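Before I ask anything, let me first share the structure, which is written out below as structure tokens.
Labels run A, B, C and D following the written order; every chain starts at residue 1.
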């Protein structure tokens, strides 16, 4: 395909105004640039570091808002699930199910996601290599679902840092599935003593450009009109105003890549 | 307490002869040496690398065998759970619930384990620091259960190796809970191209001795009469014949530690 | 500047035919593509893993050949030095002195290189961060030489692997000096039991494209007509025939980057 | 041998009162405990992070003070060298030459140290594995000197932390040489933005106990009466008052180890 695709949206469904606002803005930008767009937002958060963190507005409320995004803007939507019994319900509302990195080896979860028939986007564990993600992809395929995407999101690099190993882009493409770079969570600074994961959002462009240059098929970018007040992952989301100029530059890099 | 405690047994419940045989042998050794003993074996395996791996003999069969061990040898038993809905059932059979390392931040799972009232042994994620395990322990405590154990099992060190950071022993003891060293899984060699995790079992003694010397309250050691034919983790289990001489040496190191 | 620059050549000066052949070929390619070119080859090798490895054809012979390259093809040449007393001699023959990664904090060496007045290209230690390379660059500047280049060459990632952290490109550019990506040594596989460092040369393009996309000012690529018979670093050198098509693609990515 | 040996002293020769005071105190403690003692202090510092750091009181002054320690207290002394031409001079004053970790692969340096006939203590590079240190030891042996010691000092673990891998104790003992644990530098926190390496001195006992328990032949501990005012490595030196109780405990662990 000529363009890369974009999975983007606010980290978690905070409310209607936010999700509809972001969806309208980003779908407009992507239409102009010819970028296929999938709206992403989590309908619940189950694996926050600290028990005091925000976990959502209620599952059905959030899923209903995702459906509203889908129907209003005619774009596919994706959300993540954390337990096998969530798969069937989520699949009634969304087009793609995302498997969190920590859970990327949980057979029950992968199989339940697979059986919905929806596309399954598996985040690569921070402790896993690109080549070993073949085994995760195969768990979905063996359950009868060939629609698998693998997403790089950085590797453990000491306790409080992640590093993106771009060798994983070509290595995971060898598994015969689209490969996405998560430009948001790969910049996390985990294990902070505060219990709140930190970040380096000024480097989102660096990660995104390297990903497109090395052949990534898609990008995952969490974005928010005002990350400073976001209820989750504010430390790493891209300010919405910065998205369009970044995508314009990425489109040019993509053109350079596919022209040769 | 004067002695450390031991959590030991075959990785997975393969059948009656195996679990009863190991329980008899190890409980005898531990009685002689004055070591409190908890029998460990998994009643199912949900997160194997490859979908072709052995996952168990059936949940109820395996849980029933764990109960038989408990009643025959008058020792507590522990098994691991992988989803919140497994907690209540497993708790009918075992005395301690173990949370796998990959799942050590899953709030639903930790809370479900906590609500059973059983002791909850949380393995430290390969991507987590000892200090950050406070947040995992607190999820159990906030659910009303103070019986928490934290277990070190090594940290990601490149793709195909783990390293044990013994600083985590004193760091996790600061959380006010017993700290265990998993001498088996901390020697894993993950992400092998074969899809089968490798190991270094000749170093079990090295890890165990350093753990006792640095103040670990307990040790976790998977053991099997013949690791070469074990159905899971054969690459890292201690041959049962080697357990007694190792424990004798560890008892002496423990005495050196507590005498000062 | 519009183009990135290229530092390239065979790892070590093996003999006249090799260095002159590579210099002619690469200088021709670079002239066509408008890429400033610096010929690189080591006149001796002092830090091989094993004492049995090839270390050179004699210092003066090798330096003389570097001068011949410079005068024949009218291109600057660079070689690495390993001890402060080598600086003055090498500077009589070459235009740029390169400081090996392991030695990037050796004050005596950096100051001796600085005092020659030649450009000093400091490789980032595998154990150092991009931000901390400011201190290495400052050692050269404080000795009165502002002509400093910093080169990323990968970070320790477990014992037998390196990972390139592309955040170091923008981080090192903040030090106000040109930043180069070493696409050869960053793919090394160190600590092999054979005593011979391994590699992944099929990924040279991946590293190079990501570097240009993230703003690197230059690339360092060791190349050889037949890496399989090279006397050093054969595991990672680019086959000379592959250089031109790679550079053509990199020029297009560079144009995409600077056009926005 | 029954006891482990101790290499200890202040990081750098700051002046006569300091080195003589530490030597008197530590040699007395070690005599009482039956621990062979080697006095350590650096006569110069060549690889400080920042050019503004203290580098010494003058080479000959410092070497003369080391000789005074040796003759007054009848103990061997050790210092580190950073370039091959320093070996012969230093060897006139000290009994053991130490090779810094960053320089542990520099053939010229290892050979020059070997040719003095003094014991050569090679620190393991933060980027090297224990097995690969065989190649460094062999460079000394091939130069005709069998008196080699290998010292573990931690491995790169992200940018700002080191981790000690105790597997390296048995792995390096396989090379047939005494193995030492450096309890000081293995607790460094490198790459701090201040340009001053940080530390965790409260964990010195943790590292030392694990080292003795896993079979280390010797310990390296930098100590100072008042680390807060030390001119180098203050962040990691053990306060001199804490040394005796620590050694007493280590002697007991050693007895537990060798009794079986």
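To be clear about the criterion, a residue touches a chain if its C-beta (ideal position, glycine included) is under 8 Å from a C-beta of that chain, and two chains touch if they have at least 3 such contacts.
Note that the coordinates shown come from a computational prediction; the quantities given were computed from them, not determined experimentally.
In this structure chain C contacts its sequence twin chain D using mostly the same residue numbers, the overlap exceeding half.
Chain centres here are means of the Cα atoms, and by that rule the chain farthest away from chain B is C.
Here B-D and B-C are compared, and the pair linked by more C-beta contacts is B-D.
If each chain is reduced to the centroid of its CA atoms, chain B and chain C end up 48 Å from each other. Chain geometry summary: the mean Cα position of chain C and that of chain D are 33 Å apart.
The mean-CA centres of chain B and chain D are about 36 angstrom from one another, to the nearest whole unit. The set of chain C residues touching two or more other chains comprises 155, 157, 159-160. Within the complex formed with chain B, the chain A residues making contact are 46-51, 55, 82-85, 102-103, 105-108, 125-129, 131-132, 134-135, 138-139, 142, 155-156, 159-160, 190-193, 195.
If you check the complex, the residues on chain B that touch chain D are 155, 157, 163-167, 169-170, 200, 203, 206-207, 209-210, 212-215, 245, 248-249, 252-253, 255-257, 259-260. Residues 157-161 of chain A are the ones that touch chain D when the two sit in their complex.
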